[in-house]
Amino acid sequence: MSNSSLGHLFVVSNFGESHGPAIGCVVDGCPPGLPLCEADLQADLDRRKPGTSRHVTQRQEGDQVEILSGVFEGVTTGAPIGLLIRNQDQRSKDYGNIVDSFRPGHADYTYWHKYGIRDHRGGGRSSARMTAPMVAAGAIAKKWLAMQFGIVVRGCMTQIGDVEIPFQSWEEVAKNPFFAPNATVVDSLESYMDALRKSGDSCGAGLRVQATGVPVGWGSPLYDKLDADIAHAMMSINAVKGVEIGAGFGCITQKGSEHGDEMSLDGFGSNHAGGVLGGISTGQDIEVRMAIKPTSSIRLPRNSINKAGEPVVVETFGRHDPCVGIRATPIAEAMLALVLIDHALMHRAQCADVRVDTPVVPAGRSDY
Amino acid sequence: MSNSSLGHLFVVSNFGESHGPAIGCVVDGCPPGLPLCEADLQADLDRRKPGTSRHVTQRQEGDQVEILSGVFEGVTTGAPIGLLIRNQDQRSKDYGNIVDSFRPGHADYTYWHKYGIRDHRGGGRSSARMTAPMVAAGAIAKKWLAMQFGIVVRGCMTQIGDVEIPFQSWEEVAKNPFFAPNATVVDSLESYMDALRKSGDSCGAGLRVQATGVPVGWGSPLYDKLDADIAHAMMSINAVKGVEIGAGFGCITQKGSEHGDEMSLDGFGSNHAGGVLGGISTGQDIEVRMAIKPTSSIRLPRNSINKAGEPVVVETFGRHDPCVGIRATPIAEAMLALVLIDHALMHRAQCADVRVDTPVVPAGRSDY
Amino acid sequence: MSNSSLGHLFVVSNFGESHGPAIGCVVDGCPPGLPLCEADLQADLDRRKPGTSRHVTQRQEGDQVEILSGVFEGVTTGAPIGLLIRNQDQRSKDYGNIVDSFRPGHADYTYWHKYGIRDHRGGGRSSARMTAPMVAAGAIAKKWLAMQFGIVVRGCMTQIGDVEIPFQSWEEVAKNPFFAPNATVVDSLESYMDALRKSGDSCGAGLRVQATGVPVGWGSPLYDKLDADIAHAMMSINAVKGVEIGAGFGCITQKGSEHGDEMSLDGFGSNHAGGVLGGISTGQDIEVRMAIKPTSSIRLPRNSINKAGEPVVVETFGRHDPCVGIRATPIAEAMLALVLIDHALMHRAQCADVRVDTPVVPAGRSDY
Amino acid sequence: MSNSSLGHLFVVSNFGESHGPAIGCVVDGCPPGLPLCEADLQADLDRRKPGTSRHVTQRQEGDQVEILSGVFEGVTTGAPIGLLIRNQDQRSKDYGNIVDSFRPGHADYTYWHKYGIRDHRGGGRSSARMTAPMVAAGAIAKKWLAMQFGIVVRGCMTQIGDVEIPFQSWEEVAKNPFFAPNATVVDSLESYMDALRKSGDSCGAGLRVQATGVPVGWGSPLYDKLDADIAHAMMSINAVKGVEIGAGFGCITQKGSEHGDEMSLDGFGSNHAGGVLGGISTGQDIEVRMAIKPTSSIRLPRNSINKAGEPVVVETFGRHDPCVGIRATPIAEAMLALVLIDHALMHRAQCADVRVDTPVVPAGRSDY
């Protein structure tokens, strides 16, 4: 049991605060023999890092990661991989006015009552900055999954505030600052975000993440079900308030005769299951959607209290994402990859000897 | 790491199959000194058990639980509590036609490929029957939470298939076979379920579970966030495909100025957070919603394959819930209680010495 | 984290008390496909059970184990295996005089202060009776290790009280009631134990357990070293006060030029390492020795206090082993087997893909 | 489950190799509110560090630790504490001759077969250098235990090679380079070590570690017994081959009437239990002894094989401790402190509400 670790066999133990000297993690349980260098991790870190467009926080962080251990002559050794990212662009004085006050919708209040002490600078431990080491760890998982199984993990936005983003193609995602899989909505998103920023407010977002190529059989009946662990991982990302697998909340109004995905050797007929049945992967695409709440640090005045219990009006300065969901795409990918590698290792621990003659049903297509 | 256990400090290790001799669990970590007897567990088991109305499976199980250990002279001793429920009404022959075939939407296919062996009788390990021991364990958690903190955990249906169930009052829930918090929809639900059953099909459902009285401060920043552990627990219930905390997916279109719950010493102004901020309880009601897929075992013919890879048409006999979501109410309550007691114990492990002078914000009301 | 569980991937969760209705455990993580029936477990249970000679406790327990789950048509399914043993021969009134007093050297005093409640009957949870489910679980591990790797786990006594037992052959162990690997000392042991029993006192014992056939490579550098996990498992057996691997305490006066086991393709030249280097198995025999303290429940009067803090003289009635070490042989075997299967599964989780051309050094002989 | 972590609630996750850029750890679960700065950690790091006398390795490392997180304004926040120590004095070329050969008694051979890759430089992950982060983590535990309970953890040598070191006083330990609690043997130790070093050989050692002030009630019945976790922690220190609690192997020849420590309100009459009964602390001193094998890297020629399976003669250059046991004293103290804080937290998780009127028996004296 460790509050700050994720995973059972591929374990990531995270440390750091937004304005401390450094953030990082220990990645324990990576199989030996994986070619790995810092550039492998930097690509996803760069996708997540702040300051890349006017629509995200203007804090400037290179998020350069240093591999401290676990790699020898360019290859993982099986020993734990220490990862370090130095913080560089702290402006702690921006947070002077919230030293003694609690932002509505923020962890300020809960941290204070839990710990009796709080690093208020930049959100401290509750900052989305804590996701950078997870993205680095997730990049290791992604590489291993790709090399061993050809698995591809990718994500995109489905909605930003009021603007829905119909899925067009994965190729579009990297071509705009919104991780939008649709070129036609980019202008609307620009306008929407510009107006939002100007207003001093923030907005929520919808996000989708998918893994293709996952073989049938990963997961467990209960309670470390593949989908349960995915839900845990996604809900442990800052600001996530809802998670769906496959048909998700849509299944409430489905009939069993519609929801159950028919099988033939030509493939599954549909993917309402989202790639998981009974907690175990079906071989179809793993399909996950989530809802991300609006950033709680906004410039608009809100009613709250301070440490003395007195009523205060809080306006938040400092640099914040007006829609924290945007940068969550590489984070959600990382989290999904981390759950998958963990279950890949658990599966071969328990079932390495299993041989079945039954042919595997092809994935078919996901209608998402 | 244990596939079949739930929790970190209050750990429930589950065993059993639908048509095996018995099901049960070991509850490890229950604090000593809690008055406990079998009747304490039976109440919730009776709410969950099959055969109580024509709208659920007609399998007859008394679900009588035996406490095998951990209780001495009516009080818990701190030792693990062994719980045993004998299976009594198996009709394994009803499953003869699926020995070699895979039901669409069912775990048949994934179990087979994972383990190379499958107890097909009544769904084996993937049966909803496995939730009975969790309900018994959850009843222990509920009692401790109530006695130590006055916490109340309760649940109700929000929708069954196409029939929405507006919330009216908690008192209604026990008065109808649908766990519906609204007397006026009961007739519609009766008709809907009767027609569904006659059609041989099944339907999905929406469910809400709430905990009141949870103090501020339970949970962790990452990754054992209170909400992440709740998501994990709920998604580990059979057939759950989506989980929301507080505003859930509704937060996508909320602005930060709306979503962030304002605070005063009169109470929180709203509860969009669902009682959790930064992974830690706020002192407000914990509010969770989930989606439950339609039962995959239906009488209607579906296309599938068998173990030899040949195309087959599967019709499922045996006794099944046409809407497995109905009986999920006590299960979801149990799971929430189990997560809460686990975090209660973790909290006092880490923060037993913390004293804060800041007054606590009253819960306010949840607009759900 | 679970107080009452052992193992990481092959997890045994134990429950029960000496005079409660039943004892048992849940074995989670057993690979599917292992042929298993109750007779497989009963052999070792019978070796451990009480009442088999005048030199052990006269409590009569058949220790008949029931498999409640996880086995279908004679083969493990990968689901957790529930094991149940009903207690049959309790005589709780024998313990009437220690309801309020603490036996010197016994867990009475520590349980009372920890939990504020204590099942005093037969030692409750601290009874050696709790090892029966471990022996049953260990028998599963032994069978899997034997079938998959040809591993043999066996143990014997090295000393009972003042009587040393020089190793002669493994064949002798089953031929006398002392698990003595030497026929010539049996008469001395009979006399020694008869005199001890008559005196009302108890004695300590030395025990050795060995595993042959363990492949090179199981274990981890730190902290789940194979030897560290063995030490944990052995010290978690009731009454064990010391554990050695290989040369053990003898290594204090060894030089490096003597202790380090030389290698050639003819085999290791010695086995001072006891089969573990750097926390990882060498392919040699795993060699473990341990010390077991004398039973604390004796008929001789001892000074102590009662719950009120008053001085009392405690004499223990009830039925006890005058040398609890004797029956510890099958227990220690079970514990070693449980650690080995756990590391076998962890090893293939992390290193399933590793291929090395270097030839393996044969085990050579263990000079113990 | 994490190979490289220690503890359940106070969890230390270690990373690094002897000749990599840095070593360190993440300390998760430290209660908030503990005053902490780097100087608190440096004292024990300096006791462990190499190069402090001619009797230990001559590698020069300042072992300056940097606190990367979890401390704010001089006080722990409850967030994970990242600790970093840069390696400074690597001489990797010294290890050129063992790139392809396996040192007898060293982890070279087992790592190679396990992982298929090995960082040979300075022993890589198997180096005693890995204990530095544990000493730093242990210093946090020591400080908390001292401030909360007045617990003192201390260690000393009992034997170095052939030279026994009778216990005289704890005050002597810091006054000589051997952690010897006896001034009169220091000259003998100097001569013994000088001769040993000259011979190119190495020797084993005996070590004792003690904790005073531990309250009654910490630990669990099974399997996370306090003594079992201590045995695990000690055996996970490099080169430890044996662990004893209290009377240890001496209990084999004790009678029950001698071993069981009598109690009165004046104190325990003896401490054969070593402060633990039934896996739970008695309130007496925790007494642990261990055996440390001779360093396997010696200058004397030894027979071995290389990666191709060919016979080779290995002589080890590089800088090594002729008796690795000497510097193990602060390491063993750290490990004991880590186990104790972990159980302190577990105890209050489960038993925070327990109140017992029975007076506590004073510790009495430990005759060691």
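Letters A, B, C and D name the chains as they come in the text, with residue numbers starting at 1 for each one.
The definition used in the following text is that a residue touches a chain if its C-beta (ideal position, glycine included) is under 8 Å from a C-beta of that chain, and two chains touch if they have at least 3 such contacts.
Computed from a prediction, not measured in an experiment: that's the story for all the values here.
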**OP:** Kindly list the shared contact partners of chain A and chain D, in label order.
**Re:** B, C
**OP:** Name the chain pair with more contacting C-beta pairs, choosing from C-D and B-C.
**Re:** C-D
Original post:
From the C-alpha centre of chain B to that of chain D, how far is it in Å?
Top reply: 45
Original post:
In angstrom, rounded to a whole number, how far apart do the mean CA points of chain C and chain D lie?
Top reply: 26
**OP:** Indicate the whole-number Å distance between the mean C-alpha point of chain B and the mean C-alpha point of chain C.
**Re:** 38
**OP:** Note the residues in chain D that touch 2 or more other chains, in rising order.
**Re:** 1-5, 8-9, 14, 29, 32-33, 78-79, 114-116, 125, 221, 346, 350-351, 354
Subject >> chain D-facing residues of chain C, complex >> reply: 1-6, 8-9, 14, 102-107, 109-116, 125-126, 130, 159, 161-162, 201-206, 216-225, 227-236, 238, 241-265, 269, 272-274, 276-283, 291-298, 300, 302-305, 307-309, 311, 346-347, 350-351, 354-361
Original post:
Which residues, counting only chain C, touch chain B once they are in their complex?
Top reply: 1-5, 8-9, 11, 13-17, 20-26, 28-29, 32-33, 66, 68-70, 72, 75-82, 84, 114-119, 124-125
Subject >> Contact set on chain B toward chain D in their complex >> reply: 1, 9, 29, 31-33, 78-79, 148, 221, 345-346, 348-354
